[in-house]
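What follows is a single structure, written as structure tokens, with notes after it.
The letters A, B, C, D, E and F name the chains in turn, as written, and every chain counts its residues from 1.
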Amino acid sequence: MKPGLKPKHRRLVFVGIAMALLAAATGLILSAMRENIVFFYSPSDIVAKPPSPERRIRVGGLVETGSVEKPGGGVVRFRITDTAMTIPVSYRGILPDLFREGQGVVVQGRFANQTFAADEVLAKHDENYMPREVSDAIKKSGQWKPDAKGAKP
Amino acid sequence: MSLFTGHDLICIRGERRVFAAVRFSLPAGGALLLVGANGTGKTSLLRLMAGLGRPADGAIRWNDVDIAEDPESHNARLHFVGHGDAVKPALTARENVAFWAALRGGGDLPSPAEAGFAKAGPDAGLAAFALGPLASVPGRYLSAGQRRRVNLARLAAAPAPLWLLDEPVSALDSDSVARLRNAIARHRAGGGMVALSSHGGLEIPDAVTLDLTDFAAAAA
Amino acid sequence: MSLFTGHDLICIRGERRVFAAVRFSLPAGGALLLVGANGTGKTSLLRLMAGLGRPADGAIRWNDVDIAEDPESHNARLHFVGHGDAVKPALTARENVAFWAALRGGGDLPSPAEAGFAKAGPDAGLAAFALGPLASVPGRYLSAGQRRRVNLARLAAAPAPLWLLDEPVSALDSDSVARLRNAIARHRAGGGMVALSSHGGLEIPDAVTLDLTDFAAAAA
Amino acid sequence: MKPFLAIVRRDVRLAFRQGTDTLMTLAFFVIAVVLFPFGVGPEPNVLARIGGGVVWVAALLASMLALERLFQTDYEDGGLELLALAPMPLQIVVLAKVLAHWLATGLPLAVVAPMLGVLMNVPPDVFPVLVAALLLGTPTLSLIGAIGAGLILGARRGGVLLALLVLPLFIPVLVFGVSAVEVAAQGFSPKASLLILGGLLLAALALGPWAAAAAIRQALE
Amino acid sequence: MKPFLAIVRRDVRLAFRQGTDTLMTLAFFVIAVVLFPFGVGPEPNVLARIGGGVVWVAALLASMLALERLFQTDYEDGGLELLALAPMPLQIVVLAKVLAHWLATGLPLAVVAPMLGVLMNVPPDVFPVLVAALLLGTPTLSLIGAIGAGLILGARRGGVLLALLVLPLFIPVLVFGVSAVEVAAQGFSPKASLLILGGLLLAALALGPWAAAAAIRQALE
Amino acid sequence: MKRLDWFANPARFLKVARAVQPWAAGIALGLGAAGLYLGLVASPPDYQQGESVRIMYVHVPAAWMALFCYTMLAMASAVALIWKHPLADLAAKATAPVGAAFTFLALLTGSLWGKPMWGTWWVWDARLTSMLVLFFLYLGYIALNGAFDDPARGAKASAVLALVGFVNVPIIKFSVDWWNTLHQPASVLRAGGPAIHESMLAPLVLMALAFKAYYVWVVLIRIRAEIAAGKIRAARLRATGSAAL
């Protein structure tokens, strides 16, 4: 390239350029992260901008406590919330073991008539593992703080 | 004056030692003729000299600097002519030569060998190997010997002090061999060096001969 | 006795006449040496003789029958050695030779040339070009000259009366050239014919020389 | 017969010695199928809907990729000239090479197809039909592909264009191959589609070697 | 700079003069997309659902096919040695060849993509996003592919091996390329996906030429 | 330095290998048995997952091994490319299939676990996808390594690939933090200490150590086999080579 440069310096120039490119790449990707890459949408997104009913989408949130009802015929109704907004969901099928109130879930299906008709319900799981006695003990001692991380959209 | 040397060279190919303890020394204006039976490592040695491979041991130096230290400067000072002719079927003979000349910066490298040719450039290269009438013929239509001449035309199109030629006369007719002999003589007169392998057919006045058959034993 | 002839041959390549009015006649035991500057059509003529191309005019005959009439019988009686060596990198030298021998029916063709070799088969082929020690080496590891010898080994592995050799000595060391000269002599002694192109380096006793440079003018 | 078998044996040996040949075709097949869920999203019912089609398209692309080199290496190293000069009709040579190629790539594709069917939610009871369809279809692809492989040898513009014309010839195989699977999935008999695939195979056997031999001959001239 | 342009100019000229690369890539792209309606049936809503993904998968396979020969012909005719011996860093040579390759194949792909979008019922208002995503994504594919093209030089089986090596590395481009189109089709802003595609491109620019140069160097040794 | 010389006399390495191998085998079997007993029998069920949590004792160590093996592969490849020591080539070549097997095991146990827990075998989230890419990278490495007639070429080409593929490792590790994945975030190596109760952490750690020892054991066996094969190749080439000249 530049015949004037010594080989060592030339190599340094190249490494410098590569570093600059990598830094720019990291910058772009990080700023994209702030743009909120979605594996799923939050109830607030859905309420703010209802998608077309033909589109199959994913919505993630916490199962609102006390909202689960089973009217029979394998149908389940519940509401999911991101604490700001809440949308009702109806589903027919087998629920994963981890599905319970207060737990994070991701539902897939279509949003029409202000109800989310799910054809698939996925349960999220947080990073805590402990025997049942321990969790009971912690709950009893009042130190239990349900980790909302698993449900953060 | 420049000096191109190698010492204690060991070459390993396909997990086998091809030669060992090879040394050479090539002064400005000098010629080195590599001979030896098939498979004794002529091609391998020329590739080491070009920096296309690294010797398993030993070092190759230009003016006492290892060529591996600054490969680009070494590239700038050499021409390599191998078994492949690097002639693109879709480009004309002239386009082929012009591309390789442009790649080397169009001959504006200061070089002791430059004096050997009146002027450089693709047309000078074509002329040196009597390719003028074929200049606009696509590579696809060239015969084996014509392709080889297009490959050799690079030598005259963009001067460089060190020529590494692997069996350059194969496929050449006698007129072309004479032209090559001429080109080498002019190159050397201008201070250029040449290392070439050959199974005969090209006499180079006062060339140093290196018979690689002698070094095969050392390798085993 | 067989006779291989061609007359009034015109060859057109890339919309250009390469030569015209070429004729040749090759009796059993005869040799035809094609010479001429690069691009005069040596390779082209050998390919016409093999039936790989058709002449634009004229005819090539074996015992007065046009070879185009029964290409398979013509194939069965010839060996062609071209610029490409047809050596598979993944097969050993012996496997390479054995395959080409098997393809020709393993030498059970009745042929006048058979007498020339004590016995045929891949090992005889390898032996004829001193490839015994390389028999189990994969093609990938062979040097240019070694590959060429593997290609030539076909000649001895499966006899055929007509040999068409395009610059067979290129890349061969002097020992191998001597072996090829021997093989040709034995082949001819057994009544075989050979047509070959060369830029020198291989003397064939009482060969008829055909200088294609003379026919280029007729073509223009 | 002996030279025919010699070619088949050599080509199969090359394919296996080069070890990874068969493996890589399979790997491509698997990866191409797996790419689809990335592209179209992972809805199980959509996947099931397009599953048979995707497996077929992937098999088609995989066998096409592998075909590209069917004559290429022989052409480049001068071996194709020698094969053309063998004392047997060039059509037979082509047939031997196609057979070897199919043994090394098409057959394994058909064998692993059910596994990919599982990935794509294809119902297990149609697996026999899927395999049968692939067994009938892949040799046809190899035979048609051989024509294209011959045409692109030393390709200039013309050859490539003709090779592109060959690709559309794959479409009938694709259509009936997929329809065999779909019909079976719906519980009907796939016999009609399979018969048509068999017919296509016979037609390709009759015409493919001729056309491929002609293509090779023009490349060598 | 002059030698860099010389390489770009030569490679673009070769691509257009031989006609093979550009035409072949485009034709493969079109045919691969057109095959889908045959494979999965012509239901408009299924097609629309998978349209963006299929266009991306086809573009990816097409540019991969063209990549195989990026260094191959130069390697075979001895030109790659001469390029490696040019008085400039091998990385720059790689960059020039990749640029030429992209101009001859990636750019045309992006240009014709909307036409195929029409075929696959992709809503017309996302065409600009589709083209932008392809313009950002295809150079990344070329850069990553160059590494694979360098690695397979001299390997026993080129095309399929290349697919096996580079397809996994293509997956991020595919994922974000498709997500840009899908998100846009749902009426949200595709900015995040496009930014990531841009980031991937810069990262590939920083690393690709190095790795490809290393691959070429070991192939020539 | 020189491939041939080293092959001719890798005595020092072989001595170390022979000494280490039984220990590695013993540790792998011993800790593995203990870990399995604790994990499958003695440890309590989880407060949410119940008995299904026992898959963790295979899934998590296998996933860690997948990443660990790739890191070793990349390191060995870097050493092989820079210092050209043949042992590094062999170590890389021996590591690849082991890593591929562990990756496959992690994928398999992960999906088996995902069905009851999440309600699906598979989703295309960042963690699962990048892990699948890792598996393909291993396969690509193995294929490329074997795709050349000259083993030295295969080693070099695949070393370049291993280094390029290494960018995937941090992506796998941090995918759960960077993206909204269905997969959970880290439980063990996290800020604020492990979020796993000691009774469950103990078998997990035992199994992880057993897997590591198993890796050492298998890789040593494979390297020794490669050395033997290399010696045979070299002897054959010497026998034919010297006469060939």
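Definition applied: contacts are C-beta pairs under 8 Å (C-beta built on N, C-alpha and C of every residue); 3 or more make two chains touch, one makes a residue touch a chain.
Quick caveat: nothing in here was measured; it's all calculated off a predicted structure.
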Fraction-based call for subunit E against subunit D, same above half, different below: same
Centroid comparison with subunit C (C-alpha atoms), farthest chain: A
Chain pair, most C-beta pairs within the contact cut-off: D-E
Interchain centroid distance [CA atoms averaged], subunit D/subunit E, Å: 25
Whole-Å gap between the CA centroids of subunit B and subunit E: 37
Separation of subunit B from subunit D, taking each centre as the mean of its C-alpha atoms, in whole Å: 46
Chain centre separation in whole Å, for subunit B relative to subunit A (CA means): 64
Subunit D, residues touching no fewer than two other chains: 18-20, 24, 27, 31, 38, 41, 76
Subunit A residues counted as touching two or more neighbouring chains: 3, 10, 33, 37-38, 120
Residues within subunit B bordering two or more other chains: 14, 16, 37, 39, 72-73, 76, 83
Subunit F-touching residues of subunit E, taken from the complex the two chains share: 147, 150-152, 154-157, 161, 164-165, 167-169, 171, 175, 203, 207, 211, 214-215, 218-219, 221
Contacting residues of subunit F [partner subunit E, same complex]: 81, 124, 129, 133, 136-137, 139-140, 143-144, 147-149, 153, 156-158, 160-161, 163-165, 167
Subunit A to subunit E touching residues, read off their complex: 1, 3, 10, 14, 17-19, 21-22, 24-29, 31-33, 35-38, 49, 51-52, 54-55, 57
Residue ranges of subunit D in contact with subunit E within the complex: 18-21, 24-25, 27-28, 31-32, 35-36, 38-41, 46, 49-50, 52-54, 56-57, 60-62, 65-66, 68-69, 76, 155-157, 160-161, 163-164, 167-168, 170-171, 174-175, 178, 182
For the subunit B and subunit C complex, residues of the former touching the latter: 13-14, 16, 36-39, 43, 83, 134, 140-146, 148-149, 167, 170-177, 199-201
